[in-house]
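Next come two complexes, and both contain chain A; in the first it sits with chain B, in the second with chain C.
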Partner chain A sequence: MLTRYVIRRIAVGFVQLFFLIVVVFFLIRLLPADPVSRFVGLNPSVEAYALAERNLGLDRPVMVQLGHYLGLLPSEGKGLLQGHLGTSWVTGSLVATEISRALPVTLELLTLAFFSALLISVPVGMIAALRPGGWADKGVFVYSLFAGSQPEFWWALLFVHLFFFTLGVAPAPLGILSPLTTAPPVVTGFVTVDSLLAGRPEVFLEALHHFMLPVATMVFILSGPIIKMVRQNMVRALSSDFVLYARCAGLSRRRVALYALRAAMAPSITIIGILYGFMLGGAVLIESVFSLGGLGQYAIRSILAFDYPAIQGVILVITAISLLVYLALDLIHAFIDPRVTF
Partner chain B sequence: MTTFKQIAQVSLIAIVSATAAQAQDLLFLAEDVPAGLNYDGPAAAIPTSQTGMVNVMEPLFDYATNPVNETGLITPDFNTFEGRLVESWSFDEATLTWTLNLRQGVKGCDGATFNADDVLYTFARGKSVSGAAPIGWFLSNVGSIANFTADVFGDESARPLGDEVTKIDEFTVAIRQSEPNALFLPVLTIFGLYMFDKELMDANSTADDPWAHDYTNNVNVPSFGPYCVESWTKDNEFILSANEDYYRGAPAIKRVVMKKVPQSSNRLVILRSGQAQLVQALTPREYDSLKGADGISVGGVLGNENLFVHMNFDVEPFDNPLIRKAVALSIPTQLIIDIAYFGEATAWKGHVPSSYPGYSESATQYDYDPDGARALLAEAGFPGGDGLDAYAEAFQLTYVSEKETTLGPIVNAISTAMREIGFPVTLNPIPQTQYGDRQLVKRDLPFAVNDQEKPIGVDAGYATQLFFVSPESGGLNNMVNYRNVILDEIWAKARVEPDNAKRDAMLVEIQDILMDDVVWAPIVEYTSQWAYSDNLKGMQWHPDNSIRFFDLSFE
Partner chain C sequence: MANPPTDKVKKRVDWLFWFGVAIVATVSFLAVFGAAIAPYDPTLATVRVSVPPPALSEWPGLIWQNLTGQLEQPPHWFGTDAIGFDLFSRVISAPRIDLTIALAANGLSLVLGIFLGLLAGYFRNFMTETLMRVSDVLQSFPVFISAMILVSLAGRSTENIVIALAMLYTPIYIRLTRAEVMSQRVRGYVEAARALGNPELVVALRHVLPNSLAPALIQSSVTIGFAILLTAGLSFVGAGVRPPAPEWGLMISSGANQIVLGEWWPSVFPGIAISLTVFGFAVLGNALERRYDS
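Moving on, here comes the complex of A and B:
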């Protein structure tokens, strides 16, 4: 039953992806600028413009461009069907290569940040719910107002100034590794993993040190909504019939709290999953402040340069990952909540 | 516990090693790293890509240098050319042929030696117009090298290199011009005609890509420059190591790490912490904040960067010279120098960078004069701005939104001053690419502030052909649609005038016309600046604004 559900979801995901690809393909061509102009900056003659337009394939009818992009015209070259995302108009590199370099950085940042945020937010949300009006509850209220009212780049710059420049406990915002450190050979693309695979614990520690501030910034921003969500759901769960029954049955306070937490986690997991998908492209400001070179930064650079193949590639990858995250969420839901069936 | 100790020991060793390595390394923080190293490729117009190219490649010619300026920077002497890969040269006026005697014993990073084949390869590649943006062809065309005409775009048979560039012997090359043109030597100093190493380029070409565009876009650019590419991760870092065989001597700095740090404020704090030794692309306010900081120097030069107001001759009411003059008189130049550039700018009195050969300051000037502007408005039939509301759309002052930090105060100062006079100015920030499209291709920007036009060809004539000659007469980037038959005729004569004194006189005449017609409303020339550690010496300005690491050394 579960297998059929997963297969059905993946099939629907492919249909969604296809329609998204087509819509994005046409939408970016409605952007109010001509990407060719960027190529001819030093040489804006009519002949050079025509040459650049031909090189980009923009001189062909738009449906031919779409067919080429989708890979339906093998005579024109490879396309999506052949696993080819295209070549960046800014760098001349394969979009797939560039995304494979940027994506692991973002996934590593988000995974570390969400894992840390969960470790902090779930217990705090629980405590706040178990003792409404207590110090933890009041603290959460004040923190949520405080953290949520400022943009993340402002916090990031403040943290850099405080922890790097003033206190000197954090490394300079120069990316995942110091520029003078030789990176481990790329196996997975995740520096923390690759450094361990290469038997270089010093690089692993350095990467964790460099992730410290960006992760702290993200945890600071993300914890607010997660704590609120956990707290609200815990309060609701604690007032539900099954918890009242558990209390009446004389179960320990700890055990009742764990039952309530399990019920509260299902909707909380949903918001965490949505936040994860959103932050794939939305961590751009954090990536920018800490010079991480992740997917968000790549997306912004591509959009500003009207780099159609790169924009299409980023959207395709983010959508595909989001679909997988949502699928995983559904499966986790089923695991947590026995009422869910497929 | 033992494992923890081992990790700590390894970490300590790594830190000590890194510190030792740092003794000769330069950490240079920039807004980006090279997106490509192919000057005929898609990334050629990106300044940080040019920085990569000029440090790995080598020109045939360059300029001699002036003494150090008051801020500690060395500047080029644009009146004196020096051979780089060319040891000596001669010009035969009868045949318009340059004979270049090439330097012998020049070695690239792979040990390959430079010879005439590399020169022929470089020009053949340019003429192939096979890249995304054919800069090599363009510069050869600007320098009037024979047969580098627009025919190559439509006629494939016109693309192979012919007798315009010929090999006399292994170290002698002859290049023929189609007409006398003083821009021949200046274009050969520009990065878009730096020399390739034919051997390695051929080794990295494919049947689909015979001119190795993929390789130079993504991996390396084989040449004979002072540095070799050690590693390159786009969007992240670009590491160079010294070419110990470099013909002008091994570079003093053995390793350069160019690191992308997108936030200028972060570049600033890392420099202040002492971890980086050189940064670029700070805002004027940030450079100003570093003046007097311990251990840090801020060097700058009034080179070729400037700011002007663009008014489109094809859009009403800017087709009216009285309106253009009124606008020019409305601009509070000194206020802009004070609030936007913190004193690091000076009023611009012409249409060409004042440091360029051939620049002339016209007698006609447009100093800030609100009363004069009001009088001109009234004379144009719009007393107090009455009636200008009909042109409200034309008075949207467009600027690049990514430059908000720098241009924001400027456009606010201009719009405030102009509104007081009666112009219905509103602000219109748009993205860089959209701005470029409307400026270069559509040429439909009615009214804009522009701080990004620096002619890389160091010559008033080059600037004239680039910006002010009508498209019908060979103008290339005439963004305001200015057309003046008299100016076109003067330039047509000046372009082929072999006598420099006569040519300069004609360029003076052209610049007087430009000021009289208010083709642009020039505002300021601003200082190109860098901030660096006190112990970094040898900073030199080049017209492409790219730092040559070979110039630098640690004290």
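Moving on, here comes the complex of A and C:
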């Protein structure tokens, strides 16, 4: 049953991805940007322009370009079907290679941030829910509204000013490792994991030190919606019949609260997944303030340079990961809440 | 847990509601009159570069001297930036750009979303199902990156920002209105209207539509806030309005290099403005939502 469900979800996911790719493909070609003149420079001759257009493959009919991109035209070379995301117009290297270098940074940032945000938000949301309408609840409510509606790039800059410039406890916002440190050999692409694999704990600590402020910024932004959601689900769980029964049975308040937490976490999981998918693209601004070199910064660079294959690659990867995360979380949801079956 | 846990949030939102109203009113006022009451031209640099703002203790004295005309020129309340722009003038002129973009984008997506949502919820056929799948695809785009793509490739103009944001927000309104229409269309008054011989389109527009507006209208306040955030974010990465337009995100961006070196004021003041504005819209939206639910 479960296998069939997973297979069906993945199949639907592929169809969704296909439509998305086609939409993005036509969308960026419909918009009135002129990537050719971007690459050929100022005042090009007609020949130079035509040559550049040819090199980029933009002189061919759009449907041929699409066929080539999807890998349906074997004579034109590899495409998506062969696992080839294309070649960047700016750097000339493979988009897949560039993304595989940038993606781990973003995933590392997001994972650290989500983990810390949950660690802080779940207890806070629980405390607020234990006495709805109490002082703690009021304060938490205003905080979560506030944190959920803030310009993250501005807070990132404030943190840099405070912790780097004024207090000097954080490193300069210039990437994950200081320029003097040699990066550990790439195994997984995650600097924190690679440094431990290479047996260099000092690099691991340095990476964590550099992740401190970007993670703090993201935790602040994320804590708003997460606290709000935990509180809401917790209030609902605490007023349900099984909690009443548990209390009647004479269980301690702490025990009852833990029961309720389990019931409250199940619906929260879905929203956390949506947030994770959202932040894959939403980490752009934080990454750019701290020059982390993640997927978001890669997206900014590609978009501003009209690098179509790279833009398509970024959207494809972000959407594919979001779909996978949704699937994984639905499975976790079924694991936590036995009433959910497929 | 002496009392059964009930949601007593309604009472506590009242002062928050008025706080939201006050912020929204102030920002709207500045959107209209901000540039007119600004002491300096927001797009004309002065010769005084990187002047820090006066200390808070000097403000009362400066305000008095300014009102009584003892000063040769108005003080730079928020200081000046590295180019010499008066930051106070720019911060209070910015709502004209930020709020206009947000209101226009929201208005456009609201009208389009309500109309399409009404069609999709009332007439369930192949066309409207296709519409829903298209809006699914649109909704699965990463919002910020898509906005960047649309604006950079279409050209960094105010109109293009509005269109890009409207395109990304329309699916939300389609979904909200459709859900509401689907719950309204099975009610008795709809059947009554139909039984009286009204054509379907009249029933949909005259009777179902007015009763299905609330969720979308309430969502507006939140959407306007997020549209302001997105507009500012776009200019922060260089994909939004062009300098020297007085726009909050652009101002934060141009101060970003100095803040690392200790000059905090060029980024801090526009940031406070965005922070309060978006919070105000969020608070208002939240209060409206609670009133509607109760």
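Definition applied: the second predicted complex is superposed on the first by the 329 of 342 C-alpha atoms of A that agree within 3 Å, B and C clash if a C-alpha of one lies under 4 Å from a C-alpha of the other, contacts with A are read in each partner's own complex, and residues count from 1 in each chain.
The working rule: a contact is a pair of C-beta atoms (placed from the backbone, for glycine too) under 8 Å apart; a residue touches a chain by one contact, two chains touch by 3 or more.
These numbers were taken from a predicted model, which means no experiment stands behind them.
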Superposition on chain A - do chain B and chain C clash or fit: clash
Which superposed partner A:L145 touches (first chain B, second chain C, both, neither): second
Contacts of A:W135 with chain B and chain C, given as first, second, both or neither: neither
Contacts of A:I318 with chain B and chain C, given as first, second, both or neither: second
Contacts of A:F335 with chain B and chain C, given as first, second, both or neither: neither
Contacts of A:E47 with chain B and chain C, given as first, second, both or neither: first
Which of chain B and chain C A:R253 touches, first, second, both or neither: second
First (chain B), second (chain C), both or neither touched by A:P201: first
First, second, both or neither for A:L238, with chain B first and chain C second: second
Touching partner for A:A172 - first (chain B), second (chain C), both, neither: both
Identified clashing stretch of chain B versus chain C [404-412, 440-448, 458-466 or 476-484]: 404-412
Contact residues of chain A, present in both the chain B and the chain C interface: 32-33, 157, 160-161, 164-165, 172-173, 288-289, 304, 306
Chain B partner contacts - residues on chain A that touch it in the complex: 32-45, 47-52, 55-56, 88-93, 98, 101-102, 157, 160-161, 164-165, 168, 172-175, 178-181, 201-203, 205-206, 288-289, 291, 293, 297-298, 301, 304-306
Touching residues on chain B, where the partner in the complex is chain A: 7, 10-11, 13-14, 18, 21-22, 25, 27, 29, 35-36, 38, 41-46, 129, 132-135, 138, 150, 153-154, 192, 213-214, 217-218, 233-237, 239, 257, 259-263, 265-266, 269-270, 272-273, 275-276, 402, 431-434, 436-442, 456, 476-477
Complex contacts: residues of chain A adjacent to chain C: 16, 19-20, 23, 27-28, 31-33, 129-133, 137-138, 141-142, 145-146, 148-151, 153-154, 157-158, 160-161, 164-165, 172-173, 235, 238-239, 247, 253, 278, 280-282, 284-285, 288-289, 296, 299-300, 303-304, 306, 311, 314-315, 318-319, 322
Footprint of chain A on chain C - complex, ascending: 1, 4-9, 11-12, 16, 136-137, 140-146, 148-150, 152-155, 225-226, 229, 232-233, 236-239, 249, 252, 255-256, 259-262, 264, 267-268, 271, 274-275, 278-279, 281-283, 286
